[in-house]
Amino acid sequence: MFLKDYISEVYTGVSSLLKGMRKTGYYFFHPKEIITEQYPDNRDTLKLAERFRGEVVMPHDENNEHACTGCTACELACPNGTIKIITKFDISPEGKKKKAIDTFVYHLELCTMCNLCIESCPSDAIVMAQNFEHSVYDRSKLTKKLNKPDSKIREGIE
Amino acid sequence: MYTETQVIKETKEGELVINMGPQHPATHGVLHLVITLDGETIKKIEPHLGYIHRSIEKMSESLNYRQFIYVTSRMDYLSAHINNLACAMNVEKAMQIEVPKRASVIRVLMSELTRIASHELWLGAMAMDLGAFTPFFYTFRERELITDIMEETCGARLTMNYIVPGGLMYDLHPDFQQKVKAFVKQFKQKVTEFEDLVTNNVIFQARTKGVGILSREDAISYGCSGPVARASGVSCDIRKIYPYEGYDTVEFDEVLDTAGDSFARYIIRVKEMNQSIRIIEQLIDNIPEGDTQAKMKAVIKPPKGEFYTRVETARGELGVYIVSEGGMTPYRVKYRSPGFSNLSALDHMARGSKIGDLMATMGTLDLVIPDIDR
Amino acid sequence: MTNEDIKAFITTVQPVATFDETGEWLNILVEPSQWKQLATDLRNSSFLFDYLFCLTCVDWKTHLTMVYHLSSTTQRLNIVIKSKLDRTNPEIETVCDIWRTAEFHEREVFELFGVNFLNHPDLRKLILTDDFEGFPLRKDFEDPINMIKL
Amino acid sequence: MFSLEGITNTIQNWLYSTFDPTFALLIECAIVILLAIGLFAALGLVLVLMERKVAAHIQIRLGPNRVGPGGMFQTVADTIKLILKEGLVPDLADKFLFNLAPFVVMIVAMLLLAPIAFAKNFQIWDINIGVLYVSAVSSLSVIGILMAGWASNNKYSLLGAMRSGAQIVSYELSAGLSVLTVVVLTGSLQISDIIASQADGWWLFKGHIPVIIAFVIFIIAVTAETNRAPFDLAEAESELTAGFHTEYSGMRFALFFLAEYINIFIVCAIGATLFLGGWMPLHIGHWEGFNHIMDYIPSSIWFMGKTFFLIFLIMWFRWTFPRLRVDQLLNLEWKYLLPISMLNIILVTVIAILGWHF
């Protein structure tokens, strides 16, 4: 009886090991199963999901106009103090003072891509871009100014 | 914490004190275990925590009710979605908001996908702890599909922040259903691979069976939850006993085992993945139409009081305890993390076993260090 | 079994305990000196509160409140027990011989709130360094170096 | 037909005709040393690359593919990196032993090269106790490992070295017994005799089931002896970070690393010699035509092919199985391998006495 148990133990043990080897052997001889992404080589064909949150950008149209009113809703919504809006007063042609943004400072190094600022923006002035290659040699380069120089607020956005 | 002289004073003749971690391949993060050994036999394990403590509880006190949800993704990053869900549910409970049906079905679907992704990663890492490197890559292949689905719908792969109080940040991606179905199909095909490679492997069984035994009484006393407690026969699945988000409308089994050893914990998690697949299959074709977000005020000010929600993450029971003073920010937030309680049982489980057994025990506890440290 | 049964039971063992049922679960407020006895009674009662799933502390600036969330794995009952502690010298009996999970949770509360758990077998700092001063989760804690004010 | 025998004979004849015999012998020694070192370097590079490629393909990855075509020069780059790295010595280490240990391990690996027949009549030293010599010398490597573990003054290293000691000492037994089966069948300890006896078929095929069992046990035992997964307890990554070589860096680490791969090569070469006929082509009984065709493939290719097949087998094990626990490792040896191989050697002796083999 003892011998029978002993032999069946050896048999099941060895057969379970062989089963595992068959599985790994299968993958060894089937290079088509390889799933490695050739990242820097496939940069041109790499497509990220359109909702992927890479960084906050402010789209400008062809007239160098954006939609930011400087309401600071995003600044308040941000949990990390990533956004800082510096406002100024523009004087409209009618001579009325109007609040507008001077600089939209975005600290990428503090950003956690939580999307709360984009949710809170009433005029959809900022969106998430899909860029994920953020590495730079100097940390100060991560502090970005999102509004382009001399850009203006688009007409009709309050 | 002990100072060095204290350790030397308390060590008896012939005992060896080794510091496992905070940089160690098997602790999966910055867990520091001070292990007293007699030869290869473990006499005592003393966990030292705090290497990744960010005091999320204190941080949450200064963030408002929309903002503090995102921080919880950084606790148990493998079930980030479920953590967010717990916080959002707590705010909804406080504000007495009914979440639209569509949103809650999507929340359940995402939770189950997160659970599968977490268990897949655990399975690979656990096999790697025991010296089998290859299953890690096979599990990551399936996990990758889930993270792709997450990326497409939620916008991020790991720390999704898809849930806001009152519903979801945005609706599903149009490809969601088709991709989830493709994943389910592939998962069902490939899950047998782990049976050949890991589950039925004689070495794996020898390494895990009868190792790190936790009795039912001890599991309850140590406050264990999740698969760790269920492997010891404690019925503690929050999805079953205190159903939330419509878990009572789907059919699934709470997987229980009585052995309480590492192998039981392993089997529980593997079976749980299949149960999650079952939930996903039931819901994926029955996502109701409608809104994904309930009407909410821009500024959330819950009434004065104390609110507690419990959810079942991949690791066990996560409790979120919020004390509100009626202001914009919570007065006090406490996260009852599953890993913290599970870790406290490690010393009891591993005493008297070999160092090699510690890997099996620790691996099946499924420790995520940021979850323990918070 | 209902909250009424639990209340009746607690009134018999600790007549001075007060109840609050406004929240989700039954809240019981006890004096720190009575807590250990009540805990033992609850654990051994027919309700069998064997699962301490949350142990924490809240700083109310005037006093500290220990909060224990208890549950029964067989009867599915949940209760919350609170105990007010003096802020300058917070002391309460440990319960880690009743629920062993309390050992770690009490160590955490000890270092983050400074609550002294009497008769705790191993009351050392768990998370912070040995030479850390102050209790980070108290409301008046100020860390001039690492705190980022938003 | 290409043969290394011709080349060696020409060189030897030329040396002895040009120089004084003593001097010629010295020159021969120098050539052998150079060849051995060259072989070591080449084998190290090839085997490390092979391991990484085999691992990668098993793990559905590509493996190294940046340096050189298909990642061919990856190991060269790694070696350069290791040479350029600072070799740290821990403050409280036993400096002399710490520096000596990698060389001990390396020298043992080098010594084992001597009796191996790489091709027909291409052998450094055809010693008449070849198999015994291999068994004796291979168990010396444990000294180097123990030395490294002790001298590092690191608890992980010490545990790793102790495990390694227990492991090598016990697996030596069943490895020795399974080697003996072939010795019993051949009646000689000399490598060249063993190979010659397989001229009409390899022992694996003509020795019936006992030799197959011996072969399996041999493979398991040498996997354990070279500290390879699933028996890599001495350097169990998830338990002891890196075991006995935790504290080694730079070139000293490279020597350990190289010695590990050389050891694998050597044990596989011995396995190929004993069970698969060494450089002997595949011959089947008296099928003259078939045997003649097989002879056209050079003997060195036969030898390398068999050796690399066995190496692949050992790599395949490594990337499939979980690691054993230390007590299970010893259980496997004392409860399974040793009784089976003892029984086996009795069977083989009976077979050999009665002449039942082909």
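Should a chain be cited, it is by its letter among A, B, C and D, assigned in written order, with residues numbered from 1 in that chain.
As a working rule, contacts are C-beta pairs under 8 Å (C-beta built on N, C-alpha and C of every residue); 3 or more make two chains touch, one makes a residue touch a chain.
Note that the structure is predicted; figures quoted are calculated from it, not measured.
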Between B-C and A-B, which chain pair shares more contacting C-beta pairs? B-C
Measuring centre to centre, with centres taken as mean CA positions, what chain is farthest from chain D? C
Could you put a whole-Å number on the gap between the CA centroids of chain A and chain B? 25
Whole-Å distance, chain C centre to chain D centre, using C-alpha means? 63
Whole-Å distance, C-alpha centre of chain B to that of chain D, is 45
What residues in chain A touch two or more of the other chains? 17, 20, 23-24, 35
Where chain B touches two or more other chains simultaneously, the residues are 134, 141, 197, 201, 203
By residue number and range, which residues of chain D touch two or more other chains? 58-61, 319-321
Spell out the residues on chain D that touch chain B in their complex, using ranges where they run on. 55, 58-61, 155-156, 159, 163, 229-230, 232-233, 236-241, 319-328
Along chain B, where are the residues that touch chain D in the complex? 16-18, 24-26, 40, 127-134, 136-138, 141, 197-198, 201, 203-204, 206-207, 354-359
Contacts from chain A onto chain D in the complex sit at residues 10, 17, 20-21, 23-25, 27-28, 31, 33-36, 38
For chain B, which residues are in contact with chain C within the complex? 1-3, 48-50, 53, 55, 57-58, 62, 93, 218, 220-225, 234-236, 241, 305-308, 310, 317, 319, 321, 323, 331-332, 334, 336, 340-341, 343-344, 348, 373
Touching residues on chain C, where the partner in the complex is chain B: 22-25, 50-54, 56, 58-59, 67, 69, 73, 76, 80, 99-101, 103-105, 108, 124-130, 136-137, 150
